[in-house]
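To start, the structure itself, in structure tokens.
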Amino acid sequence: MRIGVLTAGGDCPGLNAVIRSVVHRAVVDRNDEVIGFEDGFKGLLDGRHRPLDINSVSGILARGGTILGSARLERGRLQEACRNSEELLERLGLDALIPIGGEGTLTAARMLADAGLPVVGVPKTIDNDISATDRTFGFDTAVTVATEAIDRLKTTAESHQRVMVVEVMGRHAGWIALEAGMASGAHGICVPERPFQIDDLCKMVQERFARGKKFAVICVAEGARPAEGSMPYEKGQIDQYGHERFAGIGNRLAIELEHRLGKEARPVILGHVQRGGTPTAYDRVLATRFGWHAVEAAHRGDFGRMTALRGNEITMVPLADAVAELKTVPQERMDETEAVF
Amino acid sequence: MRIGVLTAGGDCPGLNAVIRSVVHRAVVDRNDEVIGFEDGFKGLLDGRHRPLDINSVSGILARGGTILGSARLERGRLQEACRNSEELLERLGLDALIPIGGEGTLTAARMLADAGLPVVGVPKTIDNDISATDRTFGFDTAVTVATEAIDRLKTTAESHQRVMVVEVMGRHAGWIALEAGMASGAHGICVPERPFQIDDLCKMVQERFARGKKFAVICVAEGARPAEGSMPYEKGQIDQYGHERFAGIGNRLAIELEHRLGKEARPVILGHVQRGGTPTAYDRVLATRFGWHAVEAAHRGDFGRMTALRGNEITMVPLADAVAELKTVPQERMDETEAVF
Amino acid sequence: MRIGVLTAGGDCPGLNAVIRSVVHRAVVDRNDEVIGFEDGFKGLLDGRHRPLDINSVSGILARGGTILGSARLERGRLQEACRNSEELLERLGLDALIPIGGEGTLTAARMLADAGLPVVGVPKTIDNDISATDRTFGFDTAVTVATEAIDRLKTTAESHQRVMVVEVMGRHAGWIALEAGMASGAHGICVPERPFQIDDLCKMVQERFARGKKFAVICVAEGARPAEGSMPYEKGQIDQYGHERFAGIGNRLAIELEHRLGKEARPVILGHVQRGGTPTAYDRVLATRFGWHAVEAAHRGDFGRMTALRGNEITMVPLADAVAELKTVPQERMDETEAVF
Amino acid sequence: MRIGVLTAGGDCPGLNAVIRSVVHRAVVDRNDEVIGFEDGFKGLLDGRHRPLDINSVSGILARGGTILGSARLERGRLQEACRNSEELLERLGLDALIPIGGEGTLTAARMLADAGLPVVGVPKTIDNDISATDRTFGFDTAVTVATEAIDRLKTTAESHQRVMVVEVMGRHAGWIALEAGMASGAHGICVPERPFQIDDLCKMVQERFARGKKFAVICVAEGARPAEGSMPYEKGQIDQYGHERFAGIGNRLAIELEHRLGKEARPVILGHVQRGGTPTAYDRVLATRFGWHAVEAAHRGDFGRMTALRGNEITMVPLADAVAELKTVPQERMDETEAVF
């Protein structure tokens, strides 16, 4: 078999582990040929690819990033490619294509599959918001990095009687905020799924100070929003080139809390640290399993589907399911912690 | 409600997180009274306990060990207690008892439940070998510690053209060896579930050296055993006090490999480092959820059962199921990696 | 002897290790009495203190923050106290006072010493900018945290062909930026000691992209400034309450680079994560040694001085020397790395 | 200039950072040619070398091990090479040779220098026992790894009322045991410099248990020995091939303590984990500085010397000084901690 593999979308710890696993299973065990496309779908359409053998994946298991690169593609080009899918397939000479990526990538993968390409998807997102799989690799690493940061911030907050507001990733789903908040014992957690009441946060801080716990940590997803009327919504700051910039919810919430409480509040924006670097052991195992099962699916001719974790098993689910609905944090999960939401 | 909590068996990162979560849910949210028994079932029978309020669990979420202590109990004393369970219950005045522990503890918990005590179990084992739950807390931490160690050892092995044999925990099940081995890219993995052929390991090392990869790492569960006739089984070393000591499979395998291959082989026995210290974010979240759901189960009167992870949900399963059968590594999981087993 | 100890100024990993070491040496070895003042000099003047015995420092060696708390004091109150130093000393009944703190604290310590109080200082600053000592504890932790973050960011930068601008602490001295930049292989390092030329940074990035290394990481001290005319200096953003806010050099530099280079540039502001949490082994050892030697100095009557590291030895230097001059990064140290300054 | 570089002796985190720094300074800044000899002095004599340019050292700063490999050389071959040093020099065409290594390597370096080769040494040892330099790279990493392990073990010891005996590296000098012991708050520290009294250790444990601290951690250097008559010295165990094996002081001490105290005592042998893997930020900086200054020394013609850290400066010291005397732990350093020695 001739198998193509590509990585698309934002960085995510574990991408290299998938690539390595695909090569190990396909080339070593099954005598396949594997080629890697550079810079995602761009390399696919431009025909930029290189052979991947066992040496080209040596030492990458624990490495962040992706050896294949990743770049954005204008949607138009992909649609055009779908219209000429037969020509594309012939040109590439592929028996299977394994795109590794998030929601956008899986949508594109589905388009290509619908156009007749033999696609096996592998889902990735640090946000953990793909509904067809219990977990995605990259998420555990993001939660781990965020938790270690909050562990550090707590002692500072306590010594200086401060409120620390930690902004973590999660534009549409609050999984990272929820789990990092639970793991680090944050006293407030704000998620996109539920607009927060600034009054509730203030009350929580005041009650803590009243009973002698003179600090608080609030973990905020970047996509969290105040309930209407709860907080004067600052429209965002304009940089000298006319773009709205860096005026995230973490900064705004810290300003607001300091003003209302009359206590020091400091924002910390964790940013890209969460999505780079070496994956946790959990993510390396999950990524390796996904890669292995993607090759097996290709050999079974099980196309138009993607790998998914269900319990302890890796199963295949339709690509359509993957992108049908965002997996968001349900109310029951928020109830499981004493933190204020 | 008056709820008693105790920890029994070996150390396991996340025990304190469960205790803290029980107290947060019961005392803060539900206005219960919580008491903690010292040193496991011993404290239960001896009546050694202390009240646990929100201050007594402050700052323990990320701390290894157990603030309640743990100790062994002679089985006879427990059986006697079961015979007088009504007297015991009356003396303690408990509405619910939450024992947190491994196989032995859950067996004891079941005995107490059968004798009529209102027991809600919480499973813990770093070995991950309890079949009624997808995962147990402590396991992720053990795998993480082992993986970080093997990551370090690989560079040494490579620079010095050596075989490193890393012995990890797992007496009856090879989950830690499997996942740490996969996560770190070990070239050989030995688990209790499948006796290893020393010839296969030797062949793997020789092939690696032949193609220029002049090192190898083998991850061995402490309970792994060579296939009959595969390796001269050393009977164990006797210390000056007459006890068999420290002659683990890791040491023996390294000696054997060095002898057969004529290459340097070094053993590293990770030991107790795997089961102590701060839990990973994953384990803190799982432990916190288990504690929360145990309190909820107590309030529902859902006794004789224990908390379990199934997919992303926490459910309750009969204590009988927990201890019915050891969850071992199936052949399919071994197939998912290129490592030699 | 009756010894008082206090911590003042910003958080710094290792404070608790000093306190613990003072208690171990004084109480256990020398049979002294030790009292801890709460919230820095405030507690000293208000007479808020508590006895510190071996149990009160149990388990704090590896803990961030300070068990004694820290708070700001209006300078006027301290000056008044100095005028009535005899009365203060009598009231406190102290044979020695060990204040642990940075430049401001050591200046206050010197004032108290000049007024006749038996003061032994212990220097602390994560910035490493006290000239009388080779190193201060807290610095190694800050560099370690920053280095781990940049390690993570590099893979993201590489996969996405980006410029990452990482802002680290260091208002007046660039030690953290220098050492974290060297340790992580940053391609540009900006320090307060030398205004940077934005053109030099742009040229470096372009040369890297030209030779196929399509990413760059720039490590910027918060106190770094562009050379005059090098970059349009944005005056700072005003929040809705009228305060200038969060418009640090890292954010501004990323905007500027993206605009000039036409490539994605992203800022990451590490912030308080650098100064909280568990200290590195290096910092724990240095802090422990400082505490031990401070007690010895007190017993020798060696007042008006502070502990200092010189080579491998701990020596005592006049408090006057400590605050005479800021230790800044000399040109020779910048020369030792290939990074653009 | 044409500069040769090689790494010899045991693994040590930071070797790659030195190589990278040599190449950066020599090739990029000074337009030199750099060649790397494979497997230490073996490659030098066999003429196995490869050119090192900026691409060959890309990404190795944070990587453990050595990209050049390391192997042992029979002393006879080196002596012969020294007798024919002119021929060797001519054959290699080197203007400078930078060997990076420990005591053995520096002794060899001195022989070559005495024979007329233009040698600039770079010292490395995780043991920190080279007297001519304040510190060596690799040491901080070893201490950090050991400290993290003991941090983990302490919670286990405490929960289970155990004595943990942790054996760390250090055959002739106890620096790792001293600093890891201090950093982790070990209650006993055994170093080669001072034979330990088993009775003192037992007394310390008993006193701890008596005052309610029912656990203890003892950090033992592999080269530590009991005082004569203090402990029945077990002669070592013999493996099935007739070699004495794995009967280190850690194992023996744990057995002895358990026997005498009647309490559980467990050994943990950290082993090679201490000397592999990614270097700490401290070690990366020190290694980078050493590499840079070695190139500068070569350009100044400053041969027969090696780089050394003195305070905050890198200086050059005669190779003769480096190997004249082992730097051992002085009594004053043992006095600075409350631990029993």
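Observations on the model:
Letters A, B, C and D mark the chains in the order given here, with residues in each chain numbered from 1 onward.
Just so we're on the same page, a contact is a pair of C-beta atoms (placed from the backbone, for glycine too) under 8 Å apart; a residue touches a chain by one contact, two chains touch by 3 or more.
Since the model is a prediction, treat every value here as computed from it, not as a measurement.
At the far end from chain B, in terms of centres built from Cα atoms, lies C. Averaged Cα coordinates give chain A a centre that lies 34 Å from the centre of chain C.
Measuring from the averaged C-alpha position of chain A to that of chain D gives a distance of 40 Å. Chain A and chain B, compared by their mean Cα positions, are separated by 30 Å.
For chain B, the set of residues that touch two or more other chains comprises 151. All chain pairs that count as touching, in label order, are A-B, A-C, B-D, C-D.
Remark: chain B residues 24-25, 28-29, 58, 61-62, 134-135, 140, 143-144, 146-147, 151, 179-180, 182-185, 213, 280-282, 284-285, 288-289, 292-293, 310-312, 336-338 touch chain A in the complex. Within the complex formed with chain D, the chain B residues making contact are 7, 10-11, 15, 63-66, 69-71, 145, 149, 151-161, 164, 232, 234, 237, 239-241, 245-246, 251, 255, 259, 266-269, 271-273, 275-278.
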